[in-house]
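Written out below as structure tokens is the structure these notes cover.
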Amino acid sequence: MSMWQEYSIGLLLVFIAAAIAFFALVIEKDDLHRLLLLDLVEVPSLGIIALLGTDLAEALILPGLVVGIAELLALSQIYVTKEGLRERKVQGLNIEVIQADAPLIISVLLICYGVILSGFTGGGVAGLGVVFYFMARGHREHFELLEMASGISWAIWIFAFFVFMFIPEYWLLALFMAAIGILLKVIVKMSLVGTMWGDGNG
Amino acid sequence: MGMDNPGGIPYFILEFGDELVYFSPYTVSLFILALVFTLFAVIAKPERQVDIVFGGDAFYAKETSLAELKFRRFMAIACGFASMGAMVTGDLFNFTLFISLVGICNVGIVAAVKNRHVQNAAYQYGIVALSATVPLFGAAALIAATTGTLSMVELWSNASLAVPLVVKALLVLGVMGEGMAPFYAAKAEMFRAPGAPYVIMCSLSSLLIFLRVIEVVLVI
Amino acid sequence: MIGYLLFAVTFGLLLLGIHRKAIARIQRRPGPPVWQEILHMLKFSFKSTWIPATASDTLFVGVVLVAIGIWSAALFVLLAGGSILIIFGIYMLHKIVEHGFGLSSGSPYGKFGGVRSVISAASEIPLFVSVAVVALYTQSLDISSIIQYQNVHGPLLFIVPLAAVAMYLVILSKMPFGPFSIVESKELVSGYKTEHFGVWRAGLQVSNGLKTYVLLFLFITVFMGGIPLWWTLAGMVVLTLSLSFVCALSPMLSPFDSVTVQMVITGIMVVYAAVLGVFA
Amino acid sequence: MTKKKDILRALGLLTGAIMLVGLILQQGGILPLAGYEAVLVVCFPIFVICVFLWWMAREHGEDIPFIGY
């Protein structure tokens, strides 16, 4: 009963948040501001799912989040094209500390720790390390290589799921494969962020 | 517990654990239509829209560039796949995901057109589609919270599971926001974008998901 | 079944011919003979035909096939006593077909016809409401169960007259020369079918015949019950004549007015359904 | 041009034959009615259009010029 009460209170709060966000969206006239407000609208929808508070909720938030981010990215692309902002040069980051050697050490530590953690979280940590590495060292276009690594790791991940489904006796192997697959996948995807600062400037 | 077999008796139900797909006469016919129009999008060359001066003789045909064609064809095919998935899925959360995918693809199909009016319409529509994910995902989560399952077959066969009317209304509201052609006037502007087989996917997918959500609401 | 299909095409076109003749006589014109629409179908099929240079080729041809296909499917569902929801779905998809006809050619006239067809989608909601009201009484969406129900309780026409009116308006909005047929209005030449000439138009005539047959048959079946075929056909003729009177005596609305009127009707129907849902 | 017409005629004959075979099988009780109807929904539109395209007028040759009433 008390759980149900907590759920209802949480639901009420989320709906109030959604109502405020929608109200803001209605009175805001500037397109860019509306785009930013949309994120505020998006969060309550994830909140409603999160309120379930079960494993299922965790499994549902991820696709919901991905779809939401995809929509947001698509909309910002349209905004950029629509307002003719494409010609404007994007400035790369120029932070002195990052260009020193310290980030290299940090990135090695992060990668090692990430690999030990493995799985999704490990991928995140190690990915952060790779981001540091790219930011510190600059990069030549390794996109094809990264894409390939990402593709292969994804294939490993999917294959592991097939093992789970069809030959469950080998669950331990499948578990390791899935963990390594997702680790590589998340590392690669995050490292792409490190290489995405502006055009042509390393 | 909904009405008995609103879309006819299911031919068969395909289960991958919790993920299930079910084929009733209704879902199969909608699925086939989505498939047929997706095939059109794959093989058809785009139209060359003719603009005329009304009351005069002047006219010119717009050409679709190859890059634009490729992108829009990709989006149209993705949209076709998403609507095909939404037609036959038996899992409510997957259904909402497919519908939001249809929403993005609809925006993508028209956004490639380099025309300020069309882009504006696409942007405004995108804002509506994105904010419609709140009632859409909210409804799916609330159904899971009140009944403990997301499977349509479970909800349909188990008489003790009742989905509140408000939640059904939320689901319909979400679908309307994602792709309801008739209720979003700016989409008419989107439909004037050149490139027939691709633009037609917008209106097809929105009508299909509307038809499916009626069945879903009746079933659960 | 193939025989029945051909009969449905012919009879549907005959009904459209009767429609034209009746309108002409009401307006004190001689009018074409009643089999004119059948002759039209044959005449168009002999005409030299190609695909316009600006058209999207596959869609241009494919949409004709889809138009005939969906309405033959609707006829079979209707005859088999299947779910009324499927027919409703096919009716909605006819909108896509109209849109496809209009858009595939690249012609601005066709395009405007297609866009008008999309904005007048409000005319579909009364059909959904009348389906919902019928389902409220019969507790099923299967046409066979609806017929069963009427065998016991008498025709639904007298039980839920307003639902019948709603469906009548839906059929009216699909009849040519009616107050709501803005998609085919004359300032757009022939609306969505402007660019479909020759054989393509003949195919469109086939699907139009089927469509008329299915919609009128559906009305008689849902609101009068399973009466013998001859009586059904007679009922369809009477229904067509009543539609002709409405079409002949009312002006075509402007697109904006047409959509507004349809929205008002939809609103009234939704309220009616809600009231019935609460008190029934 | 004639080649195109031959293809169309062949396609028309093919779909017509499929419908005929479907009818025979259905009458013989081998094919269920729903299956026969599915065959018809697919084949009937193609058959109609092919027959029309096959018997339609030639695309070349002189047109009769309009000389007024």
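Should a chain be cited, it is by its letter among A, B, C and D, assigned in written order, with residues numbered from 1 in that chain.
We adopt the following convention: contacts are C-beta pairs under 8 Å (C-beta built on N, C-alpha and C of every residue); 3 or more make two chains touch, one makes a residue touch a chain.
Please read all numbers here as calculations on a predicted model, not as lab measurements.
Contact tally for B-C versus C-D: the pair with more C-beta pairs in contact is B-C.
Each chain gets one centre point, the mean of its Cα atoms, and the points for subunit A and subunit B are 26 Å apart. Chain centres here are Cα averages; for subunit A and subunit C they lie 50 Å apart.
Touching two or more other chains at once is no residue of subunit B. In terms of which chains touch, the assembly is arranged as an unbranched chain of neighbours.
Chains that are in contact with each other form these pairs: A-B, B-C, C-D. The touching residues of subunit A, when paired with subunit B in their complex, are 7, 11, 18, 22, 25, 31, 34-35, 38, 41-42, 44-46, 48-49, 51-52, 56-57, 60, 63-64, 67-68, 70-72, 74-75, 77-79, 81-82, 165. Within the complex formed with subunit D, the residues of subunit C that make contact are 1-2, 5, 45-50, 61, 64-69, 72-73, 76, 80, 198-199, 202-203, 206.
Those residues of subunit B that touch subunit A in the shared complex are 16, 93, 97, 100-101, 103-104, 107-108, 111, 114, 116, 119-120, 122-123, 126-127, 129-131, 133-134, 136-138, 140-142, 144-145, 150.
On subunit D, the positions that touch subunit C within their shared complex are 19, 23, 26, 33-34, 36-37, 40-42, 44-46, 48-49, 51-53, 55-59. Interface residues of subunit C facing subunit B in the complex, by the touch rule stated above, are 53-59, 62, 66, 70, 73, 77, 82-83, 85-86, 88-90, 92-93, 95-96, 99-100, 103-108, 111, 114-115, 118-119, 121-122, 124, 128, 135, 139-142.
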